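Same chain, two partners: subunit A is paired with subunit B first, then with subunit C.
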Partner chain A sequence: MRKFLVVVGIIAVFLCSGAFAADEVRIGIVLPISGQAAMYGAYCKTGIELALKELAPDNTITVGGKKLPLTIIYEDNENKPEITANAYRKLIDQDEVTAIIGPESSSTALAGAPIAQSSGIPVVTIFPTNPKVTQVGDYIFRACFIDPFQGAVMAKYAYNDLKVTKAAVLYNNGNDFSKGLTEFFTKTFAELGGKVVITEAYGGSDIRDFNAQFNNIKASDAQVLFMPNTYFESGLQMQQARSAGITLPLIGGDGWDTPDLVTISNGSEEGAAYSCAFSHEATTPQAQKFVQAYRAAYNDVPNSNAVLSYESLSIVYRAIEAAGSLDGAAIRDAIAKTKLELPSGVIEFDSDRNPKKPAVIVMYKGGKTSYVTTVNP
Partner chain B sequence: MKGIKSYIPALGLLVFYLVCIQLRQAGYIKNYWIQILMFALINAMVTLGLYLINGITGQFSIGQAGFVSVGAYSSGAVTTLLFNFSSLSAAAKPIVFLLSIAVAALVSGFCGYLIGRPSLRLKGDYLAIVTLAFGEILRAIIRCIPQVGGPRGFTGLPRYSTLGWIIVFFGLTVWFMRNYIHSSFGRACVSIREDELASETMGIDTTKYKVQAFVIGATMAGVAGALLAHVLGFLHPDQFNYARSTDFLVYLYAGGAGTMSGAIVGACVLTVLPEMLRFLAGWRLVIYGLLLVLMMLYRPTGICGGREFPFLVPRLKRSPEAIGGRHDE
Partner chain C sequence: MAQTEQLVQLLIYGIQLGVIYALIALGYTMVYGIINLINFAHGDFVMIGAFTAFFAVNLAGVGFFPAILAAMLFPAVLSIIIERLAYRPLRDKPRLSALITAIGVSIFLENFPRMVPFIGPNFKRFPELITMRHFYVLGQASINSIQISNIVASGVLLALLIFLVQYTKMGRAMRAVAYNKDAAALMGINVNRVISLTFFIGAALAGAGGVLYSLTYPMIDVLMGGWLGTKAFIAAVFGGIGSIPGAVLGGLLMGIIEVFATAVYSELGYGSGFIVLIFVLLFRPSGLLGKAPLDKV
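Let's turn to the complex of A and B:
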């Protein structure tokens, strides 16, 4: 009798799993749920959950006129490349997911992306800023903007909003982020009709004294100073620039996007502006709606991880609906054609599968950040 | 008859490989499990290297991931930077791949030599600190080399390692280790572990054997790293941090530090276990840690408990002439 029950049980499980597999849409989410980056994973999860609540409150998705149940499968990657490769393989081979969202860092995304590319599964990665991630192949997209883009955005802000034509740059030539922003700032600023009149570099983040550079910059006729450096270096630079008598407007990148900057710059950051992915003060109706919904759900203001995860899921969900099938290539093409109004602006993908979306310019006022404007690509 | 018997382990490995491939083609096992198996065998190779240093020779090395990174990056540099792997003809690919593994073995072996030298003067905790620092230095150096991606990681490596390649190198590693440990070299290493002074008095060149253990252990880790690089197709310096070295130590001691079987089983079980626990979602690593704690409490000798698989102990050929004094009986 017992043997009989076991056999029946096993058959039932097989039948159930068969029924489970048919006519269902599964989306895999790879996030650091444990390990050092677990905090970011938790923020990402809130964004995913909120998007799900809005898009599919009954956990369904309409594909080709048919309402299908939607299952979200979370997998932990511990923020490690090897574990990400395993998580991707599991989602693709065992769960047979239609699309994958995540992970949120470049080093893990680069380990997973080749697997998805060779299996023909579309992926929207959340927060990898390394340009190489989407170069893996045509199935790999990203929700965030890449470092060079920010340089271009700040050039546009300087030329169009600050209405200046001569710029100075102070950058760290030992840092990829700083170098990338400088390069693209200079290029875009020249294309717009401006000119970078002086470029000063320093080597490495252990430099504490920038007076030599600031003396040169002061002697030039620059009208704005671009400092795309990390918050610690920038904090010191702001102080030293002001005490060197430089009164130029200061602009920077999202390396400044932390409250810790103010503790170093100690008041000299007043009026300094920088670009970042999202400001909770952004005035677009989509952004305000999102911030309110997020506040209601989590009693907190959304950070960049939450916004980008929210947008990733929205992009994938809409693309599956638009594709009208669960075919990987069809969904890939639908993602490439995305045109959605999301909290951080209208999102479209360029030919390198990076989002063409606006950046937000934020300014320090009285030790706090306040929203200035949105710069379109 | 005896000649055939000694081939049984190798044949067993071949049969295992064929079964895996057949099952995959029939759709019974997914690529997912093949990939986990590949990682498990690679980890087992690294752990075997660590077993020689820590388990047999009694030195305390906690920088094993550093050697893996050297092997991984140097082989990746050969296939990706020196040769443009994807543009090679199908016949040249295995040759370049083997060359890259050879380079990985040489470079990491040399690093093993570098770290083996101070081990002559240092013991216990002090040696542990040196090996730890050495692993971190290697990581810091990799970060400074833009050709291999620096802090952003090394991308675009060919994903050329297959289960077949890994099983071949795993088999070679096990074969080599078995013969080494049960030879006079291995005996010398064991004597150093048991009592360094006494073994020196008996005329054993302790310096030579300690350096040898480090070089061989590092070489194995380097070869494993080369295979790993070509499974993942991507390398990041932070992948080989101190925590990763600790993983290998855990594999070794959880399996049982006294035997090769322990190193292999420990690495395989602890690589597969976190994947099997995926259904637990957020509790996965909690349960994994709990299982480790329970195992160490109730089975401190490790999973294998000091026992060796019979095929890992070579049968010594004993002829009456070889054993002196036998004819007097």
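Let's turn to the complex of A and C:
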């Protein structure tokens, strides 16, 4: 009898939770809220909040003609792969989310994506530029461009605009983003007719001494230094490079796109150029509307993380509405069919679930970013 | 740059990194020497020292010397409190209990400041206390004012430590306790006070190391001590844990090996310290200058 009651109880709990899930839409958001990459997470959060304010001011979403309450669940991943995997498991198993947005880096996205794929939960990752992320499976999308494109953009910028043929690279061999970008930069630069004459590595973001690497780079005949690393590594690197007497132009990837880089580099970033997803100086009406709304809400200019998070939430929100159900496969198909005019351009996914979108090149001038050019795929 | 200039330049980089490892390694080695405890929380005193100096400079506007003094005193006092609260009650319990407590203390020291609003999880820029100047020593090989201050400050602190341990009554008491705690107690030495003093000195050196490290790499955050502490711990084991000259030698060699290994093949620079440790433990399990443990009968 007791056993029977327990079984009935368990079934009842399951039924209740099932019924409960249908009355509410939950979207899980995985971001680095603390830890070294917290500044990326802070910008992402502003983008998400702004999108929510515009799309769902009353915290509801219309699914199949029914207005359902919308709950956003934030999880901190500290920018660590293992914590991202835990956050994904928690969101999927305990919170029973309909879809997941984030995280925003390649190494962490690669840790979470297989879990969502096997549970059939659609994911729009924010800023993992490594191509492997969406190759995990058909439930995994991204809001940003990918490294082969970004690496090519910077290689072309170095070769065509800076007019140099010999490049040096300093990269983090413990980071999928940095590794991928190095590989594609090197490839495209060689195809153009240039040569990466020296590639120096370091083993993780705990490393703060790059003197030995810069010593070798200084002794080489490179004409430009490519550092596809995160902002908290690059700030120190720029400073140490200049202090070691390296006067080469510095170029980098989207990892540099946060004003906090400047607090560490402290002036040594002057003239450094990088590729990113968005410039607040972009002139399209969608972009300007977004920049104005962002400025009104936060009294700041949005960076790439803010824009891509805004777009991620818009994509997911619209897809759930379009799908008309909370079924993972239906939402996945709706995301794949996305065609939205968003701040960084018209978003459409290709067959590898990567959006076709341009990159902008931005340069640090007087501690602020300044728009240089837009490069289309 | 010519070959010799390159070597000199790398040696300068290696030494300036090595002296910081050495300062931090001393705390591990001294505490281990006295109570056979690997104080995993030691690396975090580096972080606390760096933050103490950060606030001393930004709030009180003090210069280099008061900042480093504050950065030594605060972690030192904190470490006495921690020893009293967390380690002393476990002193006669199995060693594993104290070891696990040390890991717990470390997690606490890293995560508590993260919650405090004025510290938080994000990194901060460490102020420039020493004006950056470059001096050419040999051809193009140069040394800068921060590297010089690292080396000089570490040298002075080391000299003070050796004087304290070798030529004062308290130092003799420390050596006696390290040799045999019970016999030292029977001879009228206040063992508790000696242990407190050891923690005090170790944490003070770590705090100073934190300031010097942050001057060189001006970015501080609550987790900075974890990895640096691991490196310094390896240096202490490498040199022979329990031996003060061993910690200094281990730290210096670690710094130099790391820089040279990185210069030769940067993909493996990060792992060089661990490879060295494995070899030392294979061929000299007690470290370069460590004594093989004697069974006390």
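Throughout what follows, the second predicted complex is superposed on the first by the 210 of 377 C-alpha atoms of A that agree within 3 Å, B and C clash if a C-alpha of one lies under 4 Å from a C-alpha of the other, contacts with A are read in each partner's own complex, and residues count from 1 in each chain.
The rule is simple: a residue touches a chain if its C-beta (ideal position, glycine included) is under 8 Å from a C-beta of that chain, and two chains touch if they have at least 3 such contacts.
Everything numeric in this text was worked out from a predicted model, so none of it was measured.
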> In the superposed arrangement, does A:Gly235 touch subunit B (first), subunit C (second), both or neither?
Replying inline: second
> Which holds for A:Asp176: it touches subunit B only (first), subunit C only (second), both, or neither?
Replying inline: first
> Just subunit B (first), just subunit C (second), both, or neither: which does A:Ala111 touch?
Replying inline: first
>> Quick check on the superposed pair: does A:Thr263 touch subunit B, subunit C, both, or neither? Answer first, second, both or neither.
In response: second
> When the two structures are overlaid on chain A, which partner does A:Glu75 contact: first (subunit B), second (subunit C), both, or neither?
Replying inline: first
> Once the shared chain is lined up, is A:Ser34 touching subunit B (first), subunit C (second), both, or neither of them?
Replying inline: both
> Once the shared chain is lined up, is A:Asn216 touching subunit B (first), subunit C (second), both, or neither of them?
Replying inline: second
>> Is A:Asp58 touching anything from subunit B or subunit C once the two structures are fitted on A? First, second, both or neither.
In response: neither
> With the two structures laid over each other on chain A, which partner does A:Asp206 touch: subunit B (first), subunit C (second), both, or neither?
Replying inline: second
> Where on subunit A do the contacts with subunit B and the contacts with subunit C coincide?
Replying inline: 34
> Which residues of subunit B touch subunit A in their complex?
Replying inline: 30-32, 35-36, 39, 150-153, 155-156, 159, 228, 231-236, 238-239, 274-275, 278, 281-282, 284-285
> Can you name the residues of subunit C that touch subunit A in the complex?
Replying inline: 1, 6, 9-10, 13, 17, 114, 121-123, 125, 132, 134, 142, 144, 213, 216-219, 221, 223, 226-227, 258-260, 262-263, 266-271
> Once bound in the complex, which stretches of subunit A touch subunit C?
Replying inline: 34-36, 38-39, 173-174, 200-204, 206-209, 211-213, 215-216, 218-219, 232, 235-236, 239, 243, 245, 260, 263-264, 266
> Mind pulling up the subunit A residues that touch subunit B in the complex?
Replying inline: 33-34, 74-76, 78, 80-83, 85-86, 89-90, 92-94, 106-107, 110-111, 114, 118, 130, 132, 136, 176
